[in-house]
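Each of the next two complexes has chain A plus one other chain: chain B in the first, chain C in the second.
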Partner chain A sequence: MTATLTYDLAHLIGATVLMMGFALLYQRRVSSVIRIYALQALALAAAAAWQAYIQDAPHLYLTAAIALVFKAIIVPLALSWLVRRLGMHRTIETALGIGPTLVIGVGLVALSILLVLPVTEGAAALARESLALAMSVLLLGLLMMITRRNAVTQVIGFMALENGLLLAAVSAQGMPLVVEISVAFAVLVAMILFGIFFFRIRERFDSLDVETLDPYRGDRP
Partner chain B sequence: MTALQAANPLLWLLAAPLIGAGVLFLLPHWRLAALTNIAVSAVTFGLSLVLVGQRPEPTALLFIDDFNVFLVVLTAFVGLGSSIFSAAYISREGNAKRLAPPQMRLYHAMYQAFLFTMLLALTANNIGLLWVAIEAATLTTVMMVSLYRTRPAIEAAWKYFILCSVGIGLALFGTILVYMAAQPVLGAGSQAMAWTAMIGQAGDFQPALLSLAFVFILVGYGTKVGLAPLHNWLPDAHAEGPTPIAAVLSGLLLNVALYAILRMKMIVSANDGAMDPGPFMIAMGLSSLFVAALMLYRRRDIKRLFAYSSIEHMGIMTFAFGMGGALSNFAGLLHMTMHSLAKSAVFFAVGLAVQTVGSARLSDIRGLTVSRPVLGWGLVIGVVAIAGLPPMGIFMSEFLVVASAFAQQPLLAVPLILALLLTFGALVMRLQSLAFGEPSPLLGYPVPNPWVNGVAVAPMVLHLALVVIAGLWLPPALVAWFESVAAMLG
Partner chain C sequence: MSAALWQILQIALALALAPGLTGLVRWLKAVLQGRGGPSLLQPYRDLYRLLRKEPVVSEDSSWLFRLAPYGCFLAVLLAAAIVPTFTTHLTLVHAADLIALVALLGIARFLTALAGMDAGTAFGGLGASREMMIASLAEPAMLMVTFSLSLLAGSTLPANIVGFVLGGGIGLEVSMGLALAALTMVAIAETGRIPIDNPATHLELTMVHEAMVLEYSGRHLALMEATGMLRLWLFASLILCLFLPWGIALPGGGFLAILLGLVTYVVKLAGIAVALAVFETSIAKMRLFRVADFLGGALLLALLGTIFLYVSEAV
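Entry: the complex of A and B
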């Protein structure tokens, strides 16, 4: 196994996660967003497994397994079921059109690269570029939460953000507690899905931007 | 090793609320559960006092030093006071059948689970563990905020959940960056996440990476502190949940999130090449102060009013710690303590007032000193305290913040004073109609028996007494303690 192959493959998988982050932004149907998210989780599982192999860190296989079983299979199935069961909108309502969103997305990726590469000069090349990829995925997830109006897409945006975080965590050489952190996130996501089902949250109540007011603020005359 | 661990008082401190949460989850009878809740909180408080005298050696995951031991004691104390108030509050809600037994079981279990996460976050040595604890705190409080299952409560919980999840997501990214900065120096593994190991070697970390990390951590945990512009979840979460939760959110959770930021600030400050964290904290502190001061005038809901006041006070603390220096840090620590005590007392009074009057709208609550003298005057003293009037402890800490601002950055003192005056005006204006004048009809729950009434006001009286005493006389031992911690904070 040559060093270049190690590097290239890690890069390829990381870039796949990022590409899926972009693909999430231009979907028009909820069902396809869920499918793309499953693919992103799959790519994340591959990234974690590959890092487990090259870092010789067996506990990362556990993170990969959690990503594969929970995020790539259970969560997408549960979400599709929720959409059908609660009769949610099948099309995506956008707060910002798809074109402008993609332009901002490209800007965010450029920002991450410009920000991360100079500050990590001492670190290994693999780690710094993974970090730039991870930060891009994180910011794209945040962008999705802000610009898409459905409750489901908001949740998927959060989970995409979390995929970016896990990509950073598995790429950081020998970082402890990665498994615990992925479990903590799994619990968080499970709670969110449970909350959607239990409280029948069809549309999101409130967006991340402060401007949108809604009638249930309880603070009116 | 196991014998040594069994003797570690830190583990006992964490075990008490955790076991308590498990027991309370199984306990079917809610009156008994409320009493058990008090008992467990009392045990936790007792164990926290043990730590003052006896400091166990730091382990890879947990540690205790001068800084966090004072917050541990404060957290356990406010947790105890709130559990007493909670018993009275819950008994009225239970009598009125507003809460079903399963909900109350969940509530009590989550109360102790929340205390556990707070204490774990405070005593965590590993910054990853600190993050996990704060994440778990979000989960436990979301359950309590959504307890009433009304549409506004669910909306508040959802907003809180989503905003704070994003916040802790960003904080985790910052934590990973800190690890990457530390890893070349301390080697891969848990050493590079242990705060005690990092603080000694922080000078050798990569400065630029550390600076980037701090920005993520400040924004991420800042969401939980309620710093503007990420404060949006805070008023709703305070207003829609049960009032004891508003008291522990303001009194404990915001402090702990600020504590997490301060620990990171200490590492960044120890590195000469990294940016100065001060200006960022000063900017966020001042913006929170102004946002809160202006929003206070437009509130119509009593719990939201005091929630905005919490944002204001967290802004003052962030400003003080951002400025740094012995005097300013001292003022920040004192303010943290006083605000926890005073604000939880105010929420105790507010909870009882809302239950008595039967409405949370400010226009419906009038003349409390006439209709309910103890409650009314308690609220008056509490509001006077948080408005920063002498002779209360908060007056002293705010005075010290202003004085050190004049000494270090006179220009910053001007907006600070302006914002303080604005909040003062808003609170005094509200207080007049709340406390004095023609009393409003009491349409809430009927007068409970005197025993429950006494239990309900006891923690409020105790907290306020401490705030008043601290304003008049601070024990020299406490002053020396705060001084040494202030020096540690740099």
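Entry: the complex of A and C
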């Protein structure tokens, strides 16, 4: 196992996670978005497992397993169940066109690279690059939350953001397992809460478009 | 001396295999859809039939209309001559690089669009405007792929890139993967395949390339059709040469190396035909307004590839 192959493969898996982040921004259908989220989680689990192998840290295998079971299987299944229950199959409206969103996404990737590389001077090459990728994934998740008007896709944006956090966590050495497990469960709990909220929002406003919530904000005249 | 010989063989190969490739894709698609499918020789028969027929030219059209098929065909044939397929030991391979290749394809597209508008029919103008919209997005993406590859390999000449990849200069490079994805998307758009355009339809709402050549007949139509087939062959060969060059004979290789190159090339080409047929069968055509997003995605992938290149260099 040569050093370059180790590095290249970690790089490749990290870039796959990032690509899935872009694919999330590109897709318009709720079902495709959920499927791509599952793929991203799968790539994330692969990244964690590969990091466990090269760092020789067995507890990261557990992280990979958690990512695989919770994020790649349970959360997507729960989300598609929700979407079916809510009877929502059509395309989602975006607050901003797909093209401009993708352009902003590229800008965010460039921003995180420009930000992370100078700050982490002196760290191991692999960790620096993974951090830059993780930061990009995180910002793309944030961008998705901003540009989508549908509550379900905003939640998927949140989950994608959390994927970025996990990617950063597995590439930095010495992340305690307790933190990872609690984050994983926090996401699951958040998922349940979001599910309840979807039904409440829908019951009240007959729509999952969060713009219907705007008139009820206190700061508007 | 031998370089000139292989060059002539390469051009002959392009002319001989291009209709066969189109026929193979059509046949595979038909089989996948549960039909019998036309014979593999059908495109050759079509071209032969059209070449014998007298062309009918509208009296409102100018000399441009009659010139365009020859210009298009020659530009694409020249482009096909500079992409190494079975050997990099070719005369023209050092004469033009990937940027010149993009320019040659641009000339062909320009002539087709002009010819489409020349006869003054509604469909021709519609096809030309759509083609230009697609081109304005596909060309920057293709150039970006070129830049990404040449930054990696240190050269814009396809032969040097082949040498670089074969010499083990590239490991599992993310930028290569992104460039491959971007080039594939551009190739789909440029060759007018599903999901961008459907080569088998004359439905006025959706056609792009067919709309521009609607006025052509006889040997002019034969040349236009042959140009389309050559373009498909060219993009398939370009992807094979840049990203899967294993088997290509390098200069100095003997006759056996050339033979090996030829055999592996034909096998790889058949592989691409299968992949294209499966892809086209499994996907639906997208609305014209989604094409901008699709090609914007290609441009974005190529751009990200270049960005990653700088990251790996900086680390």
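The working rule: the second predicted complex is superposed on the first by the 176 of 221 C-alpha atoms of A that agree within 3 Å, B and C clash if a C-alpha of one lies under 4 Å from a C-alpha of the other, contacts with A are read in each partner's own complex, and residues count from 1 in each chain.
The rule is short, and it goes like this: a contact is a pair of C-beta atoms (placed from the backbone, for glycine too) under 8 Å apart; a residue touches a chain by one contact, two chains touch by 3 or more.
Computed from a predicted model, the values in this text were never measured in an experiment.
**Student:** With the two complexes superposed on chain A, say which partner A:Ile98 touches: chain B (first), chain C (second), both, or neither.
**Tutor:** The second partner, chain C, only.
**Student:** Once the shared chain is lined up, is A:Ile73 touching chain B (first), chain C (second), both, or neither of them?
**Tutor:** In the superposition, A:Ile73 contacts neither chain B nor chain C.
**Student:** Would you sort A:Ala184 into first (chain B), second (chain C), both or neither based on which partner it touches?
**Tutor:** A:Ala184: touches chain B, not chain C.
**Student:** Which partner, chain B or chain C, is in contact with more residues of chain A?
**Tutor:** B
**Student:** Which holds for A:Leu111: it touches chain B only (first), chain C only (second), both, or neither?
**Tutor:** neither
**Student:** Quick one: is A:Leu5 in contact with chain B, with chain C, with both, or with neither? Answer first, second, both or neither.
**Tutor:** A:Leu5 sits against chain C, while chain B stays out of touch.
**Student:** Residues on chain A in contact with chain B in one complex and with chain C in the other?
**Tutor:** none
**Student:** Inside the complex, what are the residues of chain C that reach chain A?
**Tutor:** 171-174, 177-178, 292-293, 296-297, 300-301, 303-304, 307-308, 310-312, 314-315
**Student:** Could you list, by residue number, the parts of chain A that touch chain C in their complex?
**Tutor:** The contact residues of chain A facing chain C are 4-5, 8-9, 11-12, 15, 18-19, 22, 26, 98-99, 102-103, 105-106, 109-110, 113, 117, 125, 128-129, 132.
**Student:** Which part of chain B faces chain A closely enough to touch in the complex?
**Tutor:** Against chain A, the touching part of chain B is residues 126, 128-129, 131-132, 135-136, 138-139, 142, 146, 149, 151-152, 154-155, 157-159, 161-163, 165-166, 169-170, 172-173, 176-177, 179-180, 183-184, 188-190, 192-193, 206, 208-209, 211-212, 229, 232, 235-236, 239-240, 299-301, 304.
**Student:** Spell out the part of chain A that touches chain B in their complex, as residue ranges.
**Tutor:** 115-116, 118-123, 127, 131, 134-135, 138, 142, 145, 154, 158, 161-162, 164-165, 168-169, 172-177, 180-181, 184, 187-188, 191-192, 195, 199, 201, 204-206, 208, 210, 214, 216-221
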